[in-house]
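In the two assemblies presented below, chain A is common to both, partnered first by chain B and then by chain C.
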Partner chain A sequence: MTKTLKINKNVEQGILELLRFLLDGGKVSGVFTLKRINKEGSVAYSLVTRSDELEDAVPLFPLMPVNAGKLLSRFSLRGKSNKPVAAVVKPCELRAFIELVKREQGSLENIFFISSTCGGVYPIEMAVDGAVENNLSKYWEAVKKGEIPAQIRPACRGCVEFKPYTADMTVDLVGSSDIDKRCMILLNTKNGEELAQDMKGDFLEKELDKKILDKFQNKREAERKKLFDEIEEKMKGLDGFIDIFGKCLGCHGCSKVCPICYCKLCEFESPDSEYKPSNYESDLKKRGGLKVPPGTVYFQIGRLDHIAISCVGCGACEDVCPVDIPISIIFKKVGESVQKLFDYIPGRDVKEEIPLLTFEKDELSEVED
Partner chain B sequence: MERKIGVYVCECGPNIAEKVDIDKVVGAVSSLDGVVVVEKYKLLCSADGKKFLEEEIKKHGITHLVIAACSPKQHEKTFMEVCENAGINPYLYQLANIREQCAWITEDKDEATKKAIRLIKAAIGRVKYHSSLEKKEIECNPAVLIIGGGVAGINASLELASPDRKIYLVEKTSSLGGMITNFEKTYPSMQPSSHILKQKILDMDKNENIQVFIDSNVEEIIGFFGNFEIKVKKKEVDEPAEFEVGAVMLATGSNFFDLKKTPQYGYEKFDNIFTALEFEKMNLSGEISLKNGKTPRSVAIIHCVGRDEKGYCSEICCMYSLKFIRYLKDKIPDAQVSNFYSDLCIPGKSYQKFYEQTKGKNVDFIRSTNVEVTKKENKLSIKYIDENGNKNSLLVDMVILAPAIEPTSDVSELAEIAGISQGDGGFFAEEHEKLNPVSTSTDGVYIVGCAQGPKNISDTIVQSGAAAGKILASLIPGKKMEIEVKTSHISESFCIGCKVCISVCSYGAITFDEAKKISVVNEVICRGCGNCVAACPSGAATSKHFTFKQIHQELLEAVK
Partner chain C sequence: MTKETEKFEPRIVGFLCNWCSYAGADLAGTSKLKIPSSLTPIRVMCSSRIDPVLVTTAFLHGADGVLIAGCHPGDCHYDKGNYYARRRFAVLKKVIEGLGLESDRLRLSWVSASEGQRFAEVINEFNEKIKKMGPNPIKVKTSL
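Right, the complex of A and B next:
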């Protein structure tokens, strides 16, 4: 059983009360959360140090403008945070940050994580014309019932990692029918317990409802299978591959928003990757025709090769693709199959080494002789 | 600069010419872009061949050279020298192996010829992208740190010490000599072991180029071949001694197998059961006796104790057990000595003779399994299964156990400090079991004697001499050391500081610049293996003689 804080308010209000309590009581110096930017439904991550600034905060808003893992990495890249900060993030954002920390791209020190069981997020395009706002009540109805909300990101529809692994606090959302009336926050760690101490509310012992979440998981798994089967059918052979990736413009937007693509200068954008006249000549000599700019498919394969082991399947890449390539499903499918080989779930545990950097003794026999 | 590529195809006598159609090869590559001359020659590595090449390079003004001949293992260096002599940079050349990889692996002349053409085209494709690399030399410190003051360490110290080469010998106990100091005599000569040691220790004392640290441990070894920084800590002294050396020799010896793991031999449960080392010490004290002061009339020596548990034969136990029979016969001529063994290991030119001379009256060799020692009245009972599978037993007064040799308890710690790995049985791992048994994966760190694996005194001395020889040949006072040219390089602007390269570097050649938050290659340590290049996600790491371009072009031509 896990110590749990029950606040007798609706879940959004409950979280805000907790955040205010943490700031006002000096338990944290800052809060990292989503805040509303305008009435059309645009939100952005913000770092807040005064509780009156929390007015527009929407910590559980079903939108991911940028994967927060990427932002927290930039926040702590040049050194750990000097003061304690509470960050409200989605499970895949937390996992992305853990993967980045493993690569020295950030520090967990002085950051406390508040996450939740996650119903998924809407594509960013829905945040510009009020579509998210109009859908919010339907979204929460679906989450309450443990159903998959309509219109969310494809990656979210098929996501089975909707429970956070290493959060200090987990908000019980999915399948929790009374979130209109109360806010349940599981205090998973000692830090979580200490932060919530003296907070107004009831403290009880509780677990997430396994039955409800298993049911939800089954729905997600069925959805995932559908998505994977579809893409497998479409991607058959070189023709299928070119059909799908041939559309790529080479804008590199997917790599810009990918939390795992952490290089400052991408090799694919370096002068080394630029075609010389002799490259054009030799390619054209062989094939007689060449898509321009060249190398867009190569870029996708290269990126897939680089990030497959750590892809958390957040779906940010597909969200920004101007030509609607189903990148997130392809990357998720390949990523999960690679991760399975090493029994690796990206972001599960910061102590778990990236498979590339470690080996098991019996693996050696495979390469001996 | 215009590239003028010269291609020279070696017939290697009949070795290549018989299986590869040389004229066809020459024809196939002579009109390729950039190639100014293609010639065949009977034997390019001969004195005449080298002279021919030199003249050709000068005559045609060749800037890039391709040789199609044998394995680079055999003659890569030979042709690099030719380049140097002819005045072109030795890295502007590529060797295509058309002997081992073509002529010698098939009976089909057509196929061999086709492959030879591909390999040469690949070499031509690659060589165009070669860059000149300059040889690099560094100053080095000729001093040597030797860890372990046993016979190996002492011998190496004396071999190496000279007015221009200081030796630092670190011994963790309070005196020099090591294991041998416990032995009265050594096999097979049965000469007193003090003959081997005494004079050497006196020589050590007199030699002012040797500094001995007793009761001391090495705490830190940082650096690389030619320039190691050392910290040595003496017991009960706060400040460690610090000094610099160019090479390190680990002569840390071995331990005996822990008999608690084999309770069937009754050690420490019953009286009058001794380990080999305890027996050596008892014998050295002058008297072999039982606990009650009486002289043993019957003694059992149990060989191979712990062999199954360790999974290897410790090489020396059979021979020292034979020596024990001699000790016993010297002091108690009518004693009955029974040896329980599973295999006798008595190799070498003089050991068989020693065995024959030791056998005889009242000495039994019993091949046995499932040996067990229990107490029966005031004697010890050895139960065993003999060669025919029958259960048997024997009553004796005294039992001597010959336990397996295992690494010292601090072996892992030392391996980490010295930056080397452990191999079979947990002993320090050699670079190559046969070709390089005293070197390790870290340049300038050597392993000798029982630290490398169980061995007798003469083999130990051979190894310490071998390692000393390697040091004498490579770490010459006043002379600079040539270092690897084909190293890796990490681009400052591309590096993202994820340290992936540091995790995969086998040589500890990459450090992290905390100020810039990027990885930096120490080119003195780097061996150019390319691990970091393969692992770097941002393409920041490149290998100087294996650039992406070079490999790409080579592959492109090879599979075209």
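Right, the complex of A and C next:
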């Protein structure tokens, strides 16, 4: 059983109360959370140090403007935070940050994580015209019932990693029918317990409802299978592959928003991967034709090569793709098959080594000839 | 078409590690073993030097097969490079396979400096396999 804080308010109010308590009580110096930018439903991640600034905060808003793992990496890249900060993030954002920390792109020190069982997020485009705002009540209805909300990101629809692994506190959301009345926060770690100490509310011993979450998991798994099967059907052979990736513009937007793609000097943006006249000539001699700019497909395969092992399947890439390549499902599918080779779940534990940086002496004989 | 297939001589790019497989290939040559002319060897200092992206480059530019060869596990000149190479190769294979492309055109083999005979066998066998598979269809695609 896990020590749990029960606040007799609706879940959003409950979290805000907790965040205010943490700030006012000096337990943390800052709060990292989603905040409303305008009435149309645009939100952005913000760092807040004054509790009255939390008025516009919407910590559980079903939107991921940028994967917070990427933002926390930038926050702690040049050195650990000197003061304690509480970050409210989604499970895949936390996992992405852990993967970045493994790559020495950030520090976990002095950051406390508040996460939740996650119902998924809407695509960013829905935040621009107020569609998210209009869908909010439907979203929370679905989450309460343990159903998959309509219109969320495809990657979220098929996500089976909706429980955070290493959060200090987990908010019970999915399948929790009474989130209108109360806010349940599981205090998973010693840090979590210490932070919530003296908070107004009831302390009890509780676990996430396994039955409800298993049911939700089954729904997600069925959806995931459907998405994967669809892609597999479309991506048959070289022609299917070109059908899907041939329309890539080479804008590299997917890599810009990808939390795992952290390289500041990307190989695919370096002058080395720019075609020389002789490259054009030799390619054209062979093929008699060439897509311009060349190398867009090469970029996709190369990027997948580089990040498949750590892809957390957040779906940020597909959100920004201007030509709607179902890239998040493809990366998720291939990523999972790669991760399975090493029984690896990205971001599960910061102590788990990235499989490509370690080895077993006796393994993988099936790939040797 | 059949005539062309008969004539088809594969183009195989071989990334050979300096300490074992390149020396093994050399030995195969000095031993006058029969090696197909389809191989374009590229000498690298270690099999772990090979970023999967290099293999992808060769593959997308129309290599019919790509061979990576290094020291036997346990014999790496740098102690453990080939173990890393093996993991990277496993990932690359899964990626190519997962994208519905022909991962059979990629091969990883261990050949030591004294195994001229084995090198000849590896490359002949791979060459025959690629011959059967036919030319890499990527070569003629104009939308890549």
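As a working rule, the second predicted complex is superposed on the first by the 362 of 369 C-alpha atoms of A that agree within 3 Å, B and C clash if a C-alpha of one lies under 4 Å from a C-alpha of the other, contacts with A are read in each partner's own complex, and residues count from 1 in each chain.
Following the convention adopted for this analysis, contacts are C-beta pairs under 8 Å (C-beta built on N, C-alpha and C of every residue); 3 or more make two chains touch, one makes a residue touch a chain.
Because the structure is predicted, anything quoted here is derived from the model rather than measured.
Superposition model on chain A: chain B and chain C are shown in a clashing arrangement.
Contacts of A:H306 after superposition: both chain B and chain C are touched.
In the superposition on chain A, no contact is made by A:E207 with either chain B or chain C. In the superposition on chain A, A:S270 makes contact with chain B only, while chain C stays out of contact range.
By the touch criterion defined above, A:K361 lies against chain C but remains apart from chain B after alignment on the C-alpha atoms of chain A. In the superposition on chain A, contact of A:E104 is made with chain B only, not with chain C.
Shared-chain residue A:E194: touches no atom of chain B or chain C.
By the touch criterion defined above, A:M235 lies against chain C but remains apart from chain B after alignment on the C-alpha atoms of chain A.
More residues of chain A are touched by C (comparison of chain B with chain C).
In the superposition on chain A, A:K291 makes contact with chain C only, while chain B stays out of contact range.
Using the contact criterion defined above for the overlaid structures, shared-chain residue A:D283 touches chain C, although it does not reach chain B. The clashing stretch of chain B relative to chain C, chosen from 57-65, 93-101 or 363-371, is 93-101 in the chain A superposition. On chain A, the patch touched by chain B and the patch touched by chain C overlap at residues 267, 306, 356-357. Per the touch definition, chain A reaches chain B in the complex via residues 78, 103-105, 262-267, 270, 272, 306, 354, 356-357. Those residues of chain C lying in contact with chain A across their complex are 52-53, 56-57, 60-62, 73-74, 80, 83-84, 86-101, 107-110, 122, 126, 137-144.
Listed in rising order, the residues of chain B touching chain A in the complex are 493-494, 496-500, 503-504, 517, 535, 537-539, 548.
Residue ranges on chain A touching chain C, taken from their complex, read 232, 235-238, 240-242, 246, 267, 283, 286-291, 294, 297-298, 301-302, 304-306, 308-309, 330, 333-334, 337-338, 341-342, 355-357, 359-361, 363-364, 367-369.
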